[in-house]
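Each of the two complexes below includes chain A, the first together with chain B, the second together with chain C.
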Partner chain A sequence: MLNRPYVELTGVSKSFVAGHPVLEEVSLTFRRGEIHAILGENGAGKSTLLNILFGMHQPDTGGILLEGRQVIHTSPADAIANRIGMVHQHFKLVPSFTVAENLRLAASPSARKRLVRNADIEKIAKDYGLPVDPKAIVGNLPLSLQQRVEILKALINRAELILFDEPTTILNPSEIEAFYRVLRQIADDGRAVVVVTHHLGEVLAHAEHASVIRRGKLISSAPVADRNRGDFVREMVGKSVDLDMPLKSDYVANGATVIALKGVSVAPTQSSSGLNNASLTLHAGEVVGVAGVEGNGQRELFELLAGLRQPESGTVEAQSRHPNGRAIAGLVPEDRHHEGLVLDLPVSVNLLLNRIGQEPYSRHGRLVHGEIARKAEEMRVACDVRARSVSVTPRTLSGGNQQKIVLARALNEDAPTVIVYQPTRGLDVAASEEVLKRLRQAANGGKAVLIISSNLDEILRVSDRIVVLYAGQTVGKVTSDTPREIIGDLMTGGGKQGSVNA
Partner chain B sequence: MTPISPGQSDNAASAGGSMADLMKRITGSNAFLVLMSFAVSMIIGLFILASLGVEPVEALRVMIKGAFGSRMAIGDTLAFMTPRLLAALAALIAIRCGFYNLGAEGQLQLGAIGAVLPATLLPPELGVLLMPISIVSGALFGAFWGLIPVLLKLWRGANEIIVTLMMNFIGIYLVKYLVQGPLQPHGSDFNMSAKIADGAILPVLVNGTRLHAGVLLALVVAVALWALLYHSTFGIRLRVAGLSPKTARLQGMPLSRLIVSSMLISGGVAGMAGAVEVLGVQYRLIDGFSSSLGFDGLAIALLGSLEPLGAVIVAIYFGAISSGTVALQSTLSIPAALALIMTGLPIIFLACIHGYRFLKGRPLWSSTL
Partner chain C sequence: MVFDPITISLLLAAAIRLGAPMLLASLGELVSERTGVLNIGLEGIMLFGAFGAVFGLQLTGMPYAAVAFGALWGMLAVGVVAIAVASLRADQIVVGIGFNILALGATSLLRDMVLSPAFQSPSLRNVSSYRIPYFSELPIVGRAVFSQSPILYGAVIVAILFWIFFRHTRLGLIFRAVGEGASAADAAGISVTNIRFSAMLVTGIMTGIAGAYLTLVASGGVFVDNITGGRGYLAVAVVIFGRWHPIWVMLASILFGAADALQYQGQAIGLSISPPLLLMSPFLLALIAWVLVGKSKTGPSEIGIPFLRGQK
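Up next is the complex of A and B:
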């Protein structure tokens, strides 16, 4: 019974602009009891595929078979009636409503009858292995719990096929493990699960079946057991990328100290542990990775180094400072849409944002447009930002190209230090690789690079030294040779070694 | 050109240049949407006229003639435009910096007070010197009124939308008090100040119309603000602060200073709007002189996509509707309140369009360097 196809896509094609197909003749089979991963780079067409299954788009050709019977989904309501649920990348929840209200809102009339009392909801949630407090306001819940509410929405409507669009980008490593345990349970109960992602590690560890889509075409669809990481990367990217090649130099810590944090503390908040007597030094020519589960003081560390806040105790010593006292550093913030870029001003302005008031880009308070365009174009070519020209706005560019702009600006800063926070979040394999390579180049060129990230893989790949941040403390001194398990242990508070100067 | 280039495929799609793409870009542009809202408003306005039993084509002819048909008509249109354009420029310069100044009306009231004080109290022997003194004084009063909400926001976190809106009423009642008290000439029963000195009067540009030299001031300010926004270091910083304050902060831009400066300019320009209305049209401070010029200005700024040039064009439309409906009233006895409908409808349409675009995650306005 498990081997019979549950939902099939047959020769589905879709294009939004004539002549530019997003999907071409894609046929896929989803089975009960199986976690089916759909892999692909950004813009490969993965999300469109899910949207077609969920009735948000209609295919131009081809169709959907449900247990061998042709179905047409003209809206999500049709898909839900056919027992298909979807957990979107950006949640469809009412933040000011409670969990219970959100569930009742989404439930079909028959399902709503079971949700009258909060105690019923609590019990149903627990039975599914997804305990939540029905009285909690959704907007106050962490993202991992909001996602749980989204999954419950699908389950309550008796979904037999659940679609997940990039579900793990918002989760930290331990939450990802827990998330896949839930998926396993859902699949073992006889449902079909489809996960769109570009994180290979998860697929190799948890999925039974994986399909790769590149530029709208189905490249492969096969059981995961027969394949390895290299196969998938080649299929996704269209060429081989050596993900195991370390991006390291023959590092000797003899550069000058450019930044030294000594015993700094910042008071904890609701969502973060703050910093607690943390110490860190950074030398020219090295890449230092700060590993840790999000919420353990990363935000505070970044803001301290960016000069946005002062420590409540301890000192921040920096080699070079602005006249106004803040340390000079090239900055790549976590949220590139709101902190890194002005999405609606041209690429040229974004590239030169930190220098726009300086000669030769501005003279006597007047902008020198020619000089700005010339320098920006030079930077655009050097950093390989794929934009038609520097006068387009970053809003029209892909995430990878947007991040290249932020990074190019940070590296162009007259500073010995570059501080990057979650540098590859939301980027695909090829774009992430370019960002990491450029950071390594900057270090080889004499800059001190600090990477604050909850993605242990990238930290392990490029860092000369690794510092683990846990509960606002810098714990343990590890190198990239330290086994992952030990670092993972430190990240979750396992290795109580106390605060160590790193 | 490796196969992995999402940005490249974007370009291919938009540079493809097929007819459908071109149409899509035109219909998606701000200017097109604004034009459509005006066109649809005109059509609805004519339907309303038809329902009142007036021949719509005839009404349209009378309106256009009343707005642009003669030297005098054009003069009136521009005279109606002048204070509204200044108020619009005031609103847009603050909003472009991310500070929602809804207080142009109040700043304009203070500007009128600021203009009347030197124009009535200083010795008339100063002659034509009184005119620039009065305008500058009006601008300073307006700027002072604009500074209060910005300081309250920076020091105490007070919401500027509420503070600027409420301060409009303080300004209006301040004028009411002054013209019934300190500024009311002895023995007068009218709620107005004394007449301003002849030297302070903005000269009439076209005889027989109310068109005064203030229109030149308004156009100069429009060009100046355009140059400021697009060709100065201050302007680009102001736009960065407005579009993405967090980015501005991270790049070390002086956010508070930018907001204070933009509000001083905003309040000053709104003050000028009040000053030219007193010095060019009313010649006195009169209770209720403004008839919500400041709010018209806000509407014009938004309809003009927060661009100085857009504000000029939309302000001309507002001026034309005002003078055109006056002609309608005098020749066809149609209530001048029609002007409210004709200026209100495009705002409603545009609000709907912008609301829709906002929900779709598009920017409220787009601009280029």
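Up next is the complex of A and C:
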């Protein structure tokens, strides 16, 4: 039973714009009891594939076979009726509704009978090993619990094939482990599981079968046991990228101090520990990584360095400041859609947003469009932003290209410092690599670069020095040679060194 | 100012009578807004309903048939808006405002073409007032509350039904879901377009009846140009003031009716304020509603946003 195909895709092609196929002749087989990972870069067509299975899009050619019989999904309702469930990357939940209301909304008529009372819901959730409070407002729940509600939606409708689109992007390392335990259970119960991801480590550790898609084409589909990391990277990127090669300089600490935080504190909030007597020094020419689990003061640290807030105690000493006293730094904020870009203004304006009021881009209060377009185009080419022209809007671009715009602007800032916060979140392997390389180049060119990230891999690869942030304190001064276990220990409060001057 | 029982009774009666068209229209608007559609075209729809009712009265001579005509015209009018907004996903504000301008011109033209100036309206007492036995004998509230138009009693029942609908029924849950998280509803296999379209049809019927009430109950079966005089816009404000809750919307429309009544009753109660200023009071109240409630946003989160599957 386990080896018979449950759902098959046969020669599926799809294009949204004529002549630009998103998927070309993709055939895949999903089996019960199996975690099947679909790997690929951003824009490779993975999400479109899932959306076709779930009835959100219809294939131009090819079709879906369910236990060997052809099915057509013209809407999610058809897919749900055929026992297919999907956990979307951006959750399809009503934030102002309770958990119970969301589950009832999504439940099929037969499933609804089992959800009449909140106590029923509580029991069902517990039976699936995914306990939730039915009365909680979904929008107030942490993302990991919201995801749990999404999974419950699929299970309650008795889904036999569950699709996950980038499920672990929003989870921290321990939540990721727990998440895959749930997936394993779901598969062991005889269901088929499909996970779209670009996190190779998870695939190698948890999936039985992996398929790689590149630019809409199926490159490979094989059991994971036969493959290694290098195979996958080559297939995803189309060329060999050595992910383990550090992006290091032969930097020796003798650059001038550009920013120094001395014993700064910021009051804690519900979602963050704030900062507690944290200290940090940044020198020209170095890359410093700030490692730590989200919510340990990262946001406050970024806002202090960006001049967006003042410390409640302690001092921020910066080499260069605005006339208004704010420290100047090139900034790459955490959320590029809301803080990094104005999504509906042209790329040119976004590239020069920090300078657009200055000469030569504006004279006597009037914008000099020619100069803006010329400089923006120069930056676009230099930073390899793949856009038709600088007059398109960032909303139409991929995440990687959006981030290149934010980064280009940050590096173009007339400041000795660049502060980046989660610089590669949501980016694929190649785009992340680009970002890290540019940061290294900036440091080699004499800038001081600070990377605040919860991704330890990227910090280890690019940093000259590493500071660990735990409970608002700078708890460790380690280098990239320090074993991961020790850094991991510090990140979770294991290091008892207390506050140090990093 | 004079406040004896009779004046209070008269003022309250006028507040409820004048609040009724706003209650009808705002209950209709409430349904649309709960599904995420901000229907600014209420003013125009009400105008079409008002015209339709008089047209129906002239055709049939029967007051209740005239009310049905008003509802039908309101439904047809909203159909135009709904095709643009729900099916073609046009900008809701632009369509609404455009539609209102169209309605003003179109009803004026139609009045000129099809309504006979010499038409003698039949007795409208049936739709204008009904004394509820026993209750209408009560002091003060007897005349004010229990001697109103049957249409108003119907509206109160509808308000309670809407409250039950949104709170206790599955379809109500789906309506709210479409307004609070359209893509979640879509992923649950619900057609956002169909739900919004149906909600707008309800809005059209209710608003058409509101128009019918204006001509049949409040102005004796006569249609004059721009008879709505901004009441459609006020109804949108009433929904906000009533915080998208049918029962609060009911109370808010009485408040707006009271503000409307002041222009007629102000002098009777000895209010020494210039009538043109009193005329302004409902709109001032509307402005306050927007500012106060706008500060603490509690409305459906998808309001005014066209739904497109898979948008970033």
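Keep this in mind: the second predicted complex is superposed on the first by the 501 of 502 C-alpha atoms of A that agree within 3 Å, B and C clash if a C-alpha of one lies under 4 Å from a C-alpha of the other, contacts with A are read in each partner's own complex, and residues count from 1 in each chain.
In the analysis below, contacts are C-beta pairs under 8 Å (C-beta built on N, C-alpha and C of every residue); 3 or more make two chains touch, one makes a residue touch a chain.
In this text the structure is predicted, and so the values were computed from the model without any measurement.
Partners chain B and chain C, brought together by superposition on chain A, clash.
Legend: residue contacts after superposition of the two complexes on their common chain; A:395 is shown touching both chain B and chain C.
When the shared chain is aligned, chain B comes close enough to touch A:18, but chain C does not. Legend: residue contacts after superposition of the two complexes on their common chain; A:102 is shown touching chain C, with no touch to chain B. In the superposition on chain A, A:226 makes contact with neither chain B nor chain C.
In the superposition on chain A, A:75 makes contact with chain C only, not with chain B. Looking at the superposition, the partner that touches the larger set of chain A residues, chain B or chain C, turns out to be B. Once chain A of one complex is fitted onto chain A of the other, the partner contacts of A:485 are absent, as it touches neither chain B nor chain C. Once the two complexes are laid over each other on the shared chain, residue contacts for A:345 go to chain B alone; chain C is not touched. Once the two complexes are overlaid on the shared chain, A:93 sits against chain C while remaining clear of chain B. Overlap of the chain B and chain C interfaces on chain A: residues 395.
Taken together, the chain A residues at the contact with chain B in this complex read 17-20, 41-43, 214-215, 237-239, 306-308, 322, 324, 326, 331, 333, 335, 338-346, 348-349, 353-354, 356-357, 362, 365-367, 369, 372, 385-388, 391, 393, 395-398, 400-401, 428, 430.
By the touch criterion stated above, chain A contacts chain C in their complex at residues 51, 54, 56-57, 75-78, 80, 86, 88, 90-97, 101-102, 104-106, 112, 153, 395.
Within the complex, the chain B residues that touch chain A are 2-16, 18, 20-21, 230-237, 239-240, 243-244, 246-247, 249-252, 363, 366-369. Of all residues in chain C, those touching chain A in their complex are 170, 173-174, 176-177, 180-181, 183-191, 301, 309-310, 312.
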